[in-house]
Every structure is written in structure tokens, then in C-alpha cells.
Amino acid sequence: MTGTMSEHVYKHIEVTGSSTTSSDDAIRRAIAKAAESVRELKWFELIELRGNIDGNQVAHWQATVKIGFRLDDE
Amino acid sequence: MTGTMSEHVYKHIEVTGSSTTSSDDAIRRAIAKAAESVRELKWFELIELRGNIDGNQVAHWQATVKIGFRLDDE
Amino acid sequence: MTGTMSEHVYKHIEVTGSSTTSSDDAIRRAIAKAAESVRELKWFELIELRGNIDGNQVAHWQATVKIGFRLDDE
Amino acid sequence: MTGTMSEHVYKHIEVTGSSTTSSDDAIRRAIAKAAESVRELKWFELIELRGNIDGNQVAHWQATVKIGFRLDDE
Amino acid sequence: MTGTMSEHVYKHIEVTGSSTTSSDDAIRRAIAKAAESVRELKWFELIELRGNIDGNQVAHWQATVKIGFRLDDE
Amino acid sequence: MTGTMSEHVYKHIEVTGSSTTSSDDAIRRAIAKAAESVRELKWFELIELRGNIDGNQVAHWQATVKIGFRLDDE
Amino acid sequence: MTGTMSEHVYKHIEVTGSSTTSSDDAIRRAIAKAAESVRELKWFELIELRGNIDGNQVAHWQATVKIGFRLDDE
Amino acid sequence: MTGTMSEHVYKHIEVTGSSTTSSDDAIRRAIAKAAESVRELKWFELIELRGNIDGNQVAHWQATVKIGFRLDDE
Amino acid sequence: MTGTMSEHVYKHIEVTGSSTTSSDDAIRRAIAKAAESVRELKWFELIELRGNIDGNQVAHWQATVKIGFRLDDE
Amino acid sequence: MTGTMSEHVYKHIEVTGSSTTSSDDAIRRAIAKAAESVRELKWFELIELRGNIDGNQVAHWQATVKIGFRLDDE
Amino acid sequence: MTGTMSEHVYKHIEVTGSSTTSSDDAIRRAIAKAAESVRELKWFELIELRGNIDGNQVAHWQATVKIGFRLDDE
Amino acid sequence: MTGTMSEHVYKHIEVTGSSTTSSDDAIRRAIAKAAESVRELKWFELIELRGNIDGNQVAHWQATVKIGFRLDDE
């Protein structure tokens, strides 16, 4: 393997958050929960937006995001 | 066919709602309209988010959702 | 839900038409048949173009289109 | 429009059936239920195979199929 | 080439806007910026929703949209 | 962030199980193995079905499933 | 960078043409319009075929094509 | 293996035909050429529609089709 | 070209098998038929699962598989 | 069928080559092997890049390419 | 529109570079050529890797990349 | 569950490695880093190839790979 070893390596996880409020809030909750067990979260990408319907209204917004975080020590 | 007959069967429809306010609101309107003719809506999935632009601003948010509902009597 | 209720809501259906003549004609036939039972057809999108072969020639062009129509009363 | 009018037109619907037994059985149930309200079902295509897990075992197999049926009178 | 020449032709561009506020706002910013150099923007389609995470929170919402505009003189 | 904190967050993992018996059994084995190290498995989705061929017969059915489980304490 | 600099570089643009006549004609119009502002168009690829429906008939065929052209001086 | 052995097995090949005339004609040519070396062609599916542009006009329509044919003796 | 020439090269074919019994059996039949004319089949991947419906029941399960086999002499 | 018969028809095959050296070399090997049995190879497209890992290092690069070749006599 | 106006907006273009040497070099050439007419290139994504074959060898590697650049003044 | 329990189960992770040297090297680095925390890495699949551009040159090649490893004790 050539070059310096200073470049970073990232791992991705996929998490679904839900919210009664909005799609953006469901994304924020997925990230907040993931941050409890993984350090150095760096970016997310929305994979899927779904939701439950109850009484003809959106009961829960469910956002599945792929989240990237830096694998720590280099 | 084996097993009990108690499991549910769901049908999916695809509907586009629009809103001048937000993408989430366009989703809510699609669901509200679908609920006028179909009972037992259970979930949705966002398929496409588009919009019209007028005067360099979003005039209508247009959300296409797949909606699942239970086929009623078993 | 905010905003005025005047925006339209559209439903989509998926239909396959066939023709011995051409791919465009298969699309036209799918639309013509759908129009017999649904009012206010507004747009289509070609999903798939297939066909049957008989005697080394295209016997039927089969065009699957997604068709959008306005959900009528608002 | 050219050619004869004798070719058939098909409509597609999307249905999810579930079974405690097997993935194939979930497909069969989706078709059996759809057949209660639509005549002339002709083919299906598996769109998605999911399931619920309970007690570390598959509790329900859930098969989403697209089903094609002939639009009746020509 | 047959038919009248009056139909419009549209060109598409792909732009990523970002916002500290919301996903919808990131879309609005992409459109506002594109409007500075292109006239006659007509529609958009969301292609991708990503974001940067800083301190376990969404720092920037990043929305990539495809935007269609009319090629002017006909 | 608004709303109550009571909604659940799910993480997804991707696992490939194999079986000499059937495709459904390969799915069951993937789930059984995942359950040894993760609690609260809730659903799966089939991502890919492959297999090894030996002596012109299916030697192993290999099912790749995405499995969702609840991130435990809320 | 190794090798000679004589190889060509191509840029792609995405354009939607429309026609009242046929899908092929919509493609031809997209290309004819693009040729007014870009030299050296070399190839196209059909990305999407849609259309407007008016009075239960196809009013406009709308073909979106990706068009490649050579970036001129080398 | 269970059941009768009378069901058919089909093989698929992918072929690109070209035409100076139309997209449909490019499909017909692909099929005509494939028929010279394979018997029992049964169906096709359009995979891709491309073309060469010369002098700002479509010089060749290039249609890539997947063609299915019956594996003969059972 | 560098390195030893000992690595294998594989070719893929796409075949559809059908069965009145099950989806797995349709896969097995596709493989069994392909094995009549090609040696050294090594793996398969399910591409599509469809079926014919007759009398509201699955008449034939139709599994399309991509099959890989070793190009023999090295 | 209209027009001259001089246009070419191409067939595509899918081949996986492997190399201990690099991804590009795996592509070259797939092409070199395919060339032993098919004349007039004209182009390739990378479909998938995979590899085996042994001792935490890439042991074999495996490149799957779609290769187009001209169907010879016209 | 809320929030500060300081966030950046990016535009994407799609370019194909070619090289007789390697796939990486074809990417570098696409970027080098794009940089002649656009400032502030920031990232690329490989969209497609193809090539011409001549004499059973790769004659040109052709890499299509999507390139993002900052829309300059804010 | 039937059959012997001897078949293996694999888990997949998604990792992005980067390199200033080449795309292949970015893949190697992703694998080397993953190997620090997971045993028995068996294969990889390239999911995405991106990069940063600085001074009109590729500054970092960024390869996202899915890596499969054996879930250890059986």
C-alpha cells in the first residue's frame, strides 16, 4: 500500500428514526439516537421516508438514514 | 393453502398531493384525499418529491406517495 | 393542515396496452382503454416496453404506462 | 389509431399478502384475496419479500406482488 | 420532422443547495441560486437529501434537485 | 427537537444465511444467527437470493436479508 | 497524467423535447433544439418517455434524452 | 424435484439493433438478426434506446433488447 | 497484462425456469436445464420471480436466474 | 422493414475476470478470455467490481463486464 | 427563506474522459478538461466505466463522472 | 429448521476508504481499516467511487465498499 496513512476511513450505519412532528424531525431523532453509541458522526443520507397512518392522518414519520462516522484512531 | 386465514392482506395505491406550504404538507394532503374513498389507510412511502417553480420560487410542492390499506373483510 | 384546499390530488394507475402496429400505438391503446372507466386522465409515463415474437417478427408491441388522473371533486 | 381493436389491455395492482408458513404461501394469499374483487387475474411479479420477526423467528412472511388482470370487455 | 414547431423544449440542470434550517429550505436555496443565471425555471425534482452532522446534530441540510427550465426563443 | 421522546429508533444490519434445504430456510438461518448477538429483532427484508451449484444442483441457498432491530433503552 | 492528450472528452446535457406526432419525433426535437447552442452533438440516450393526455388522447409526447457532445478544442 | 417435466425453460440474450428509420425499426432488426441463429424467439423487452447524431440529426437509432427463446427439446 | 494466468474467468447466462410446485423448484429447473448444455455451473442469482395465474391460483412459478459457469480451459 | 440492411447488430455477453493485481487487470482478463471464443469484440461496460479478501488483503479483484461484439455476416 | 445566506450552492455536470492507460487516468482527464471552463471543481462521482476494444484489448478506457463545482459569488 | 447447522452466516458492513494514489488503493485502505476490528473478512463489493478535487486534480480517491465477514463460532 502506497501513500501516507493519514487519510480517514468511514463506516456507515443505517438507522430509522420516527417522529410525530415532521420528516426532518424523524431524521434528527435517528441521528440523536445513533450518537449515543457512536462518536464522530459526520454526514447522513436519506434512504427512505415512510410513515404510519392513523385516523387518516400521519401518526409517525419514519426516516431511514445512512449515517457515516469516522473510524477513530488512525 | 396452509395455516390460518387470519393474516391481513394490503393493497397499495399511488397518489400525488400538492401544497403551497411544504413537502410534508403535500404528503398529508395526498393521504387526506385518499382517505375520502378508501378506509383503513395504514402506511405511506414517499416515492417522489417534485414541485412547480413560479417567479423563481416553489409554487407547489408535489409529493407522490404509495399508500397501503387493509383489504377489509377477511 | 395549512394553506388553501384548492390544489389538486392525482392518482396513478398502471396499464399495459398492446398493438400489432407500433410501440406508440400500444401506448395510445392503453390510454384509450383506461379512459373508458376513469375521467380526467392527465399524463402518462412509459414504464416498460415489451412484445411477443411470432415467426421471428414482432407480433404485439406491449407498452406498460403509468397514467395519472385527477381525483375529481375537491 | 391503426390496427384491429382485438388486442387486450391489462391493469396492474399491487397487493401484500402474509403467511405464517412460507414466502410462497404469502404470494398465494395475496392472489387469493385480490381474486375476490377482480376477475381475470393473469400473472404476478414479486416486488418485495419482507417479514415480521417475533421471538427470533419469522412470525409472518409478507410478499408484495404486482398482479395483472385483463380489462374485461373489449 | 413533422408537426408544428410550437412545442417547448426544456433543459435540466442539477444543483445542490444547503441550509441550516430544514430540508425544504435547502431546496428553496438551490432554486434561488439557479435562478440567478437561468431564466424560466419551471419545475424541480428532489434527487438526493443529505447533510453534515456536527456535534451530533444536523449542521447543514443538503438537497440535490434536478431543475427544468424552458429553452427560451422558439 | 419537538414532540415526545417516546418513539422508537431502529438499526438495520445486513446478513447472509445459507441452507442446503430451501430459500426460506436460508432466511430463517440468517435471522437465527443474528439473534445470537442482537436483541429485539423486529423485521427483515430480502435483499438478494443467490446460491452455489454443485453437480448441476443447488448446493446452498444463500439469502441476504436486511434485519431491523430496536435500539433498546429509550 | 500519462499517455497522449489526443483522446476526446465529452459533456452530457439532459433535454426534454415534445411533439404532437410521435415519441421518435419528440426525441428529434430535443436534439434539434440542443443543436442550436451546442456544436458536435454525438449521441443520445432516452432517459424518460412521458406525455400529456387531453381528451383521452396523447396531446404531447415528451422525451427526455441525455445528449453527449465533444468538448471542442483539445 | 417434483411435478411434471413438461414446463418450458427460456434463455435470454441481449442484442442491439440499429436503424436509420425509427426506434421501432431498430428493435425489429435486432430480432431479425437474432432469429438467424436462434429458433423459437418468444418475447423481447426494451433495455435501452440510444442513437448516433450526425449533422444535428439522428443518424442511427440503436435499440438494445433482451430476447427470450425456448430451450428446445424437453 | 501482469500476474499469473491461473485465475478463472466466468460467463453468465440468464435463464427462466418454471414449475407448478414452488418458486424454489422453478429455480432448480432453470439450473437443471442449463446444465444440459453448459458444464461447470457454479452459482446462480435470482433476478425475477413471476408466475401465471389460472383460476385464481398460481399455475406456474417462473424464476429467472443469472447463472455463472467457468470458462473451461485456462 | 424499411431502410438499408447495412447497419450492424451487436450481441452482449457478461463475463467475470479476476486478477491478483488490479481492478483494471481483472477487466483486461475478462476481455482476453472472451476473445478466445468470440470475434469482433467492440466495447465493454463495467457491471460490478468485487473481490476476495485473504489475510486482510485483496486476494483477487473480480470485475464483471458486459461485452458487445458484432454479429458477423450482414 | 430563513437562516443566513452564507451556505454554498453546487452545480453538477456530467463528463466522459478517455485514456489509453487506465480507468483512473480516464477520470483524471475528464476532470482536467472540465477544469478548463469551470472554476472551483470540488468533487466527482464515477457514474459509468466503459471502454472500446480493439484487437481484443482495451483501446480506450472511458469514465463518465459527475463533477460538482461551487456556484461562485454568494 | 431443517438440515445441518454447519453452513456459515455472513454479516456485511459498509466502509469508505480514501487514498491520494488510486481508486484501488482506496479500496485496499477501507479493507485494511475494517480488518483492525473485524476478523474473517471474506469479500468486498464496490458500492461507490467518489473523490475530492483540489487544484483541478483528484486530491483523494474515496471508495465505498460493502465487506462481508463470517460470523465466527457456528
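Letters A, B, C, D, E, F, G, H, I, J, K and L mark the chains in the order given here, with residues in each chain numbered from 1 onward.
What we mean here is this: contacts are C-beta pairs under 8 Å (C-beta built on N, C-alpha and C of every residue); 3 or more make two chains touch, one makes a residue touch a chain.
What you see is a predicted model, and the numbers here were worked out from it, not measured in a lab.
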Chain B to chain E, fewest steps along touching chains: 1
Both-way neighbours, i.e. chains that touch chain I and touch chain F: D
Least step count from chain F to chain G, where 1 means the two chains touch: 3
Most remote chain, CA-based centroid, reference being chain C: L
Repeat of interface B-E, chosen from C-D, A-L or F-I - more than half of residue-number contact pairs shared: F-I
Chain whose Cα centroid lies at the greatest distance from that of chain E: I
Euclidean distance of C-alpha centroids - chain D vs chain G, Å: 38
Chain C-chain I separation of Cα centroids, rounded to whole Å: 33
Sites on chain K at which at least two other chains make contact: 23, 28, 32
Which pairs of chains touch, using the document's own definition: A-B, A-E, A-F, A-L, B-C, B-D, B-E, C-D, C-G, C-H, D-F, D-I, E-G, E-K, F-I, F-L, G-H, G-K, H-I, H-J, I-J, J-K, J-L, K-L
In the complex with chain B, residue positions of chain E that touch it: 23-24, 27-28, 31-32, 35, 41-46, 67
Of all residues in chain B, those that touch chain E in their complex: 22-23, 48-53, 56-58, 61
Contact set on chain E toward chain G in their complex: 1-4, 7-12, 66, 68, 71
Chain G - residues contacting chain E, complex: 13-22, 25, 28-30, 32-34, 36-37, 60, 64
